[in-house]
């Protein structure tokens, strides 16, 4: 059987991770080419992975006939244009989150894929972490009864580089908390109806110049009555700490632990262990599973597991949270979705 | 040196715990008598503890000259009257929380103690748990830098009996979350300025008749900018789960674990252990430490560690949370304190 | 119903713990008197616990008609004589381990109790720890199938004071590892048939003068084929670490954890928590349960749960381990029991 | 720079793991070919990894000029012959443990590599696990003071297939405990001088026909006085449990944890989580690090990190343990090394 030809756009840490995974850990797929505006970096990655082709743009990449699907790991602000270019060339698309930075943008991306009849999947990789995947399965199987309380915390050891903020990607609720919002919808099997957020720039004074928060606390009300809370924090100092809990009427599920390695030190100062440093470590397996699932959906011609609609809904919650924090009031998620749709229609 | 004479009012589980502790684990104090409207129960406890005197009312108890201090562990709705009776008799007072059910009531209790020049301490026992006490000490010592995020969760295995609700004691934020509110003030060394609450009767339909919540989620904004969230849930089913976290600019502290015993079972089904069942187990040491501290404050004539003002402030936050949940809006804590004070002044 | 009168001999930390427990936490018993050669210390404890009588010797204590049972917590080398004195006076006896320091001595103690028709229980308190008790119950219920491997580790934070060694109580296998040997017999429901021990004075050079080990490692062969290993170490520096494991053909049970409090510190240096410091902390509940069980056996006139025979068997294993370490060979436990019995018979 | 050409012999699970790692995760190396007597399996793996060459024998593999190094992951009983073939062809060699099944065999392998001036590394992958590697580094840095006690446990969820035993590879101490023996030498920075072993066929009656143990418990005495114990068990049923501890005069290090995923289930039955299933999961990262280190040693022309001498010494300990168990006596490791050497010299 011929393998599925895959091109990877963007050869930063994220793109390299995807390229390596396609290269040797997805037998049904063949890594055809990588591309990056930093063409030298693209060439180096191609050499490391012993593939022949590297390019400076998505346009060159999608010109290739033997590329069936594209993995987009470029900076966020280019996602929408990249998706449109790939769709126009008839390539299936896996795009890192955020699919776009506005509801309108997401609608355009969805529409581009729809028109081109290509599959479009968005990178909410946590859904592919074995622990999260198992949690979802158990909830669907009714093991915890009715989900009642949702809680999710995402803390980075330290904030992204200032360049990330300069490029406009650093809005806390849109860039980081959006993972918690996606988990909320997915694990609760319900939509978030209303939010309330407090937030502040409490730990990283260097973010004040960008008007960005480093800490946010969002209360959630789900449409069937369940409640929840999610937190994002940019600078825990102790490590990358992802923790999610779904309390049900019969049992409770937790996903989260902190260890990087299996080493424990016991001394007169107590017992201690290290902490996971970074999302690429914590979610390495999830990234691989995600890619496999996407490529298998392409091969089977089935719907992707995480759709543009999922991206749209998570963004609407994030926008509502941002508005709540700014206006110090509760905000209905429908306000955001509608507001934007109206604007989009106008 | 003569020992401090102590009388205990109320011989339910809580009162028995206090009486046993006075009896043999606070050398400076002597258990003189116990009292309960169920005089037979009082008599039994006296026999168990080999003391001579048991009474049917606080009035009889405080008539005794050799009673210097009274521990009030009667039902909540009698607290205010009991405090007033003890103060009128010139006895020092330790009163279980809530000191009273309204801001006015608390003001009256404080005033009664002030006039009688007796010491009044309120039972926020968590402050005396070795883990919480150590956390507070470390925060004061600057070990975590500036406190930025506060989080606390309190879950019971199952709700209190319906009789508790029938007696009007079961308001979630006032009865249960109030412990989290007290911790918030104490550990953050700051006042809660504003709250937002979602809540529902999601797990215990039998509470609907009382109009009481079984789940509440409260966002907090502290006066110096820090943010937080507290949760209460009446029916975890898995156990009594108390978890508190203070995230600081330099480090983070957590208090919480779930084990009841040191046993772990490893089988084909995985690794499992049991869970603490009840607050009397989790906080046994805290109750003893609390009593010792109260009695030593009496002996030294020093201020109590947890004052009527602390009770007043925690209640104001709880009332604000209740209003926020009812009205679906953020509420300033000062609204509650003032509203009530105004009413009280009128 | 009249309460059982109890006298406590020895008012060190251990004796005080027993006295406090009798005083207020065993309703069926009444603390009548305490005794200690340090009569001033005995008087202070009596005052703290508000009881009238304190004595300087066991002879005075057992003279009292209202003393039905005696708790012996004197130094180890007096245990045998104290047991004989109590038995001669017809008092039921709870004696801290070791019951005696030789097989002969234990046989004499057993014989004294037998002749006096009094109940004799020995203080292997770990059996009363809720985790160990639950483990035993589950093993008896067949939950783990056939026990195959036994493992137990006992580490002190630091060695006992030198005075303990000067008094001859410090033999590692007889004083410390004996707890592991008792657990081995009790949890495996089998006898230890053969042992092999390595040991050394590796951490505490000050013990060399006494010829005592600070570290021992003992391989066990049980009579039905199971195998095991136990370790004792006098100076872990990090805390009091007790860990036991029974591997069965169907499942495995572990008893052990290290935390003193529920506090966790998370910082750039990692995640850390404190460690239990001392056996009185780790086994506080076990000491209370043990006393209750002993006193209830007396009240019911039933056999004690931990007998002189148990003490004898554990000592035989300890002596075999000591011989193995000295002679660098495997030793049959029956050698020790017999050797001593022969000697005793001669 | 030209990449190092690598051939992999054996395409079972272990060989596939190595081949995938060479393929895309070691940029300095290029996977040239794979070989297996099951040539169809070799062809499938080549197709999955998009490489051109697959062979039926090591002879064909080492004939290729562009193969600089060979990774041997064939069945154990072929290791020695494979090493000799690769050495004869002048290829650098990474060989899975055991290098050979006798001291003589190991000496022949070492000699073959020495004569051919090729680098020979043996697969004790645990040394490359981040936790073990960090432990070793800290011990070398003096962080725990003098190592005093060593303890290591290796338990499989279930025994290898019967075919493994039929092929003669299943000797417990030589196949499984040998990992603990290697860790003992490496982490204690000392040699094991004397051993005592108990063992039995306690859980897997199907092994009786092969005369093989399923449980072994080995006491260790190190040449500088430290003591230790290692355990192997073939059928824990709960999972793959690897646990190692080094107790030092100043602090203690532990390597070990059981979780497979980050999911925790909390219900009325308690708190539970899953368990690592298999060594390929637990040591996935170690296998990659090991391969990288080997290939970089080849590129640098430096000594390998784990030598034939290491394999020889671990085997001598394993043989001594086997003899101790058979003869029920302590055995000096030097007996084995010498006995065999003598035999080898004759």
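Order of writing sets the chain letters: A, B, C and D. Residues in each chain are counted from 1.
Heads up, the rule we're going with is that a residue touches a chain if its C-beta (ideal position, glycine included) is under 8 Å from a C-beta of that chain, and two chains touch if they have at least 3 such contacts.
Quick caveat, the model's predicted, so the values are computed rather than measured.
Student: Could you tell me which pair, B-D or C-D, is linked by more C-beta pairs in contact?
Tutor: C-D
Student: Give the pair among B-C, A-D or B-D whose set of contact pairs overlaps with that of A-C by over half, matching residues by number.
Tutor: Residue-number overlap above half with A-C among B-C, A-D or B-D: B-D.
Student: Indicate the whole-number Å distance between the mean C-alpha point of subunit B and the mean C-alpha point of subunit C.
Tutor: That gives a centre separation of 39 Å.
Student: Could you grab the centroid distance between subunit C and subunit D? Build each centroid from C-alpha atoms only and quote it in angstrom.
Tutor: Comparing mean C-alpha positions, subunit D is 42 Å from subunit C.
Student: Rounded to the nearest whole Å, what is the centre-to-centre distance of subunit B and subunit D, using the mean of the C-alpha atoms as each centre?
Tutor: 57
Student: What residues in subunit B touch two or more of the other chains?
Tutor: 236-238, 250-252, 266-268
Student: Touching residues of subunit A toward subunit D in the complex: what are they?
Tutor: Answer in residue numbers: 3, 20, 23-25, 27, 30, 47-50, 129-132, 134-135, 138, 143, 250-257, 259-268.
Student: For subunit C, which residues count as touching subunit D in their complex?
Tutor: It is residues 146, 148-149, 151, 155, 194, 196-200, 202-203, 215-221, 225-229, 231, 233, 235-238, 247, 249-252, 328-330 of subunit C that touch subunit D.
Student: Considering only the defined contacts, which subunit B positions touch subunit D in the complex?
Tutor: 236-239, 241, 258, 266-275
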